[in-house]
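Listed after this line are the structures, all set down as structure tokens.
Two complexes come next, and they have one chain in common, subunit A, joined by subunit B in the first and subunit C in the second.
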Partner chain A sequence: MITKKIILIGDFSTGKTSLIRQFVDNQFSDEYLTTIGVKISKKIINIQEDLEIQLLVWDIEGQTDVKAINPAYVMGAHGVIIVADLTRQKSIVNIKEHLALSSKIIKNAPVIIALNKSDLLDNSSKIETTITEIKSSYSNISHIYPTSAKTGLNVELIFQNITKSILKI
Partner chain B sequence: MHIQEVFNAMYHKHHYEYLVINKSMAVVEFSDKIIDYCEEELLKTRNILISVIVPELYGLEQEMQEVFEGKREVIEIPFIKKDAYFITLSVQAGRKHDDNSIETLVILFENVTEYVSMQEKSVQDRNDKELLVTELSKKNDLLEKYNKHMMKLVDEEVSLNNKLNKEIIDTQREIIATMGAIGETRSKETGAHVLRVAEYSHRLALLSGLNLEEADELKMASPMHDIGKVGIEDAILNKPSKLTDDEFLKMKEHAVIGYNMLKGSNQKLLNTAAIIAHAHHEKWDGSGYPKGLKKNEIHIYGRITAITDVFDALGHDRVYKKAWKLEEIIDYLLKERGKHFDPMLIDLFINNIDQFTSIQKKFA
Partner chain C sequence: MDEYAKLKSLLLSEEQQRIETLEKDLASVLEESRDSQKIVEKISPLISSIFSQTLKNSQKEFIPIFSPLISLAIREQVRNEKDEIVDALYPVMGNMISKFVAESFKDILAEINSKVQSTFSMEALSRKIRAKIQGISEAELLLKDSSKLYKIQNIFLIHKESGILISERSLKGKEAIEPDMVASMLTAIKSFANDWISQNSDYLELNEIEFGNYKISLEVAGCCYIATVIQGESNKKVHHAVNKTLEYFVQKYSSDISNFQGDTSLLNLDDINQHLESILFLNNDQEIADTQVKSTLSLWILFSLVLIIVGYFSFNMYQKNSIEKLIQTSIYQNPQLNIYNLQAEVHWNTLLLKGRLPANSLHKKLLELVNTQKGDLELEDNIVISQTILTQEEILLLSKTIIDTYNYMDGNQILYSFNHGTLKLSGIIRNKELHKKLIQQLSKINNIDKIISSLDDTFTLRTLEIYFKVAEVVLTEQNKLQLDIWLDDNRVKENFKLYKNINLLIIGYSDARGNLLHNVTYATQRADAIYTYLKSKGIAQDNMQAIGAPIPPSDIRKRKENNGRLVQIKWLKNDN
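On to the complex of A and B.
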């Protein structure tokens, strides 16, 4: 079976662990527990008929002002999901930093941006504006999606699409 | 002692477990307690690939090859959460051939759970604190927006209220002036008389030390000083000759009639107008009407209006007389100083007579 390493990076408390929990276990918890280091989850997904892929999803501790992401976690990744919190502008601004780190360590890996916590925004035009701004700022991003680990919005989709981008299908 | 037992003893002492792989990336040796971190069943499979046993190394084949070739010294992946443990993975050179080339790699597992547990609380606390600050900042922004919105609404409301108040005051002033003019018209006097009396009274009030609010109040209310004349029959009111004693008694009733018309209102302005209507014919020496009040018993508004009403009446033609000259009026006012009129107010009036003649010309 083909196995692929996907890493989730982003500022702390953007919902990386929650997205993975929603994807792997179909669960969501409001409780916020900081991820220390990295936790690896496995999930087998069907991309096409007769095409099963095993994903190794790396939940990497969130970057803070005082602690950067360890490059060793990023090494060897086949795809990158950068997670930002739609309600925290700083986490959106910091996408640039995460993109720079991943591009420096791994070449040609597809990148998807998940604008998480969309359930907390009642203003859909703000989401559209943010997506447009990010699209115009970064040309090497495969997709940008608003997501919600709480409602499950686009969670399955981002993992499906990052895998398709890795496999170039 | 077998070499593996030596390694086991050595790594156990340092709390390490290990796996050894060959150039084909297949597992060839491992320490006893490696089963704490890897699946035992898989370990039993011969020549199993390291990335199957340790999926954390999946994708790092290139980097591990570089270690074999001596291009990279070590690959370290710190703080991996593996079940209940935190481990650090370290890939480094193992056995070497005689030519110093690397034959195997050793993958070390170090249990760092204790260390990470110590870190965990402080990291959680720091992140929680930062989130709280962010949340507070968001709430503050929201509050500020809300405050701005509220301030705007309050400003609009205040502005509307001010406009309405102004409209009410203007309307009141207009009604009072009109009512005053009606009263004067009935006695064949002009509407301009009440406006001039209002202006004189305002000026004299300020000269006497009343504040602007009181002076404004007097100015607005004074046009109604003779409103009671609407209750006096025309034959008396417009009689060109001198009134008989009975007629004069009837005429004097206009002060009380006016007072009764205006009193009892909730409006301060109408109450002021009632005071003026009642008191403007009282005299300083007590010889006036309707109550024969003396000196300061007479309300200041009444004492002021008494002077300004007479001053304007003497300066203009009436059905029963021609307008007096200014000198004659001043002589009369001085003659009545302390009798009809408040002496202090008369002094202020005469000393500032230019101000009053200016008003007279302006509202002629």
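On to the complex of A and C.
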């Protein structure tokens, strides 16, 4: 079986751990337990009828003002999901840094941006404007999705899409 | 042509010619000296001999000139292309390192050899002979004997960057659960540790993780690494085998592995697995080595015939030696004696005891122990009985340890000081019994001459109650007097001083008759009245909390006094 390493990076408390938990266990909790170091989960997904891929998902400690992301965790990743919190502008601004870090360390790995906690916004126009803003400032990023680890919105989708992008299908 | 010129040409024609050739030569030399290309051409064949010549004569002067450059260059290269360099050097370095290790092993061996030589015992003799037969040094045999205790359980070959498992081989029945996860986690741990280590030094790597009787050793090359899970002691044989295998992978599959993208079908897994399994086979080699040792046993019996002749003398020695060991072991196993540095030695027919003990009773115990085991050896008892003198710090530390454990208990707040042999205690202790126990424990510490305790063992954090009349929420003069007396009590003052984290909980109650809302208001206002009064008397706001109970608990409602129209002032110890 083919195995791929997917990493989730982003600011602290944007919902990386929650997205993975929703993806792997279909569960969500309101409790916030910050990740220390890195937590690894595994899930086998079906991309096509006859194509199974094993994903090793690295949930990396979120970036805070005092601690940057350890580049060693990023190394060798085949796909990157950058997670931002729609309710926290700073985490959206910082997408830039995370993009710079990942493209510096890994070449040619596809990147998806997840704008998480979309369930907390009741007008979807804010989401739309954020997406167009990001699209215009990072022209090479095509995949931006609003997600919610709480409702499960687009969670399966981002993992499916990142895997497809990795396999170029 | 004048005469002079004629003469010159006659006399100097030869010189003239020479000058001309010289001029030509000079011109061409000058020209060459301006053409750097030519110079290089001319000099290059000479450079190496120039260098070797100069270096030979003045090596010392050149070293300081070149070495900073060289190390700078190497460092730069390593920084930019670390993995490539590691891979390129690995086959050489692996060897170099194992040679280095072998060298240091030789030192250890030499040391063991000298130890072995100095203890002449039956066992040692047999070892000597076995070693001669097998043609290896005795020390090596010793090491061999002692390194039998390992079992390689799992071997993981892991892609270094991504942490993705390339292959895993395990002992039957010891298969790893979720090897893919293990590989990723090991890689994460390695990165975590390396990140942390590299803050202090540049090129260190985590290479062993230990838990219980298991060791995971990590042998790292540029593109991949091998993690070996070993039960028991890892040893040079295992390291050597792992190194060799890694060396092979690097040489043969370096680019395949570097470009590995998680698809193992693109690798020659059969060959890789075969090599990984060869490491597992070391487990069997161990058993083979065992039987080899056994087969030499019969030869050994032959030699033991000779031994009998060497005979009695060494046997005697051996016995004495084993008595010495026996006695030493039983001293080490005795919990009362093993904390002192005691020595038992057998010299000819005497057993010599040396060391220092703090009490006669312990000395007696030691003698009892030794007498049952010494056989017919004579005893030379050189034990000195002396009380160790504790320093001021040691006494304080011991006292602190004891007192701290008491202070952890709720209700104890013990202060202490030590001066000129006198330990002074003050503060509060829960009860008389505990007080007695504390003093007993402290008096066991050597060099405390006197303990003076002014600890209060009758103190309780009693709740104060203030009563109110029907529909009254204002403090009466009587109430105030009661509070004043309470505040004036030394113990209350003491309490605030001792317990830094103490708070007063002021709970107001009502008689619960009639309208609930009114009752809550009464209860709250009563509590507030007391809060305000205590505040005016200098109790810090932060240390008080006033609340009104909406419905008083039944035991309070049933109170004869004022039917529950009261305020309780409770001590609240805030222990976090």
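The working rule: the second predicted complex is superposed on the first by the 168 of 169 C-alpha atoms of A that agree within 3 Å, B and C clash if a C-alpha of one lies under 4 Å from a C-alpha of the other, contacts with A are read in each partner's own complex, and residues count from 1 in each chain.
By our rule, contacts are C-beta pairs under 8 Å (C-beta built on N, C-alpha and C of every residue); 3 or more make two chains touch, one makes a residue touch a chain.
None of the values given here were measured: they were computed from a predicted structure.
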Clash-or-fit label for the pair subunit B, subunit C on subunit A: clash
Partner chain in contact with A:F12 - subunit B first, subunit C second, else both or neither: first
Which superposed partner A:T64 touches (first subunit B, second subunit C, both, neither): first
Partner chain(s) touched by A:K42 [first = subunit B, second = subunit C, both, neither]: both
Subunit B versus subunit C as contact partner of A:I2, first or second or both or neither: second
Touching partner for A:T87 - first (subunit B), second (subunit C), both, neither: first
Per-residue contact with subunit A, leading partner among subunit C and subunit B: B
First (subunit B), second (subunit C), both or neither touched by A:L33: first
Contacts of A:M75 with subunit B and subunit C, given as first, second, both or neither: both
Among 3-11, 165-173 or 507-515 on subunit C, the segment whose C-alpha atoms clash with subunit B after superposition: 165-173
Footprint overlap on subunit A, where subunit B in one structure and subunit C in the other make contact: 3-5, 37-38, 40, 42, 56, 70, 72-73, 75-78
Subunit A residues within the subunit C interface of the complex: 1-5, 37-38, 40, 42, 54, 56, 58, 70, 72-73, 75-78
Residues of subunit B defined as touching subunit A within the complex: 51, 55-63, 75-82, 86, 116, 119-120, 123-124, 126-128, 130-131, 134, 138
In the complex, subunit A residues that touch subunit B: 3-5, 12-13, 32-40, 42, 56, 61-62, 64-67, 70, 72-73, 75-78, 87-88, 90
Complex contacts: residues of subunit C adjacent to subunit A: 159-165, 178, 180-181, 184-185, 188, 191-192, 194-195, 261-265
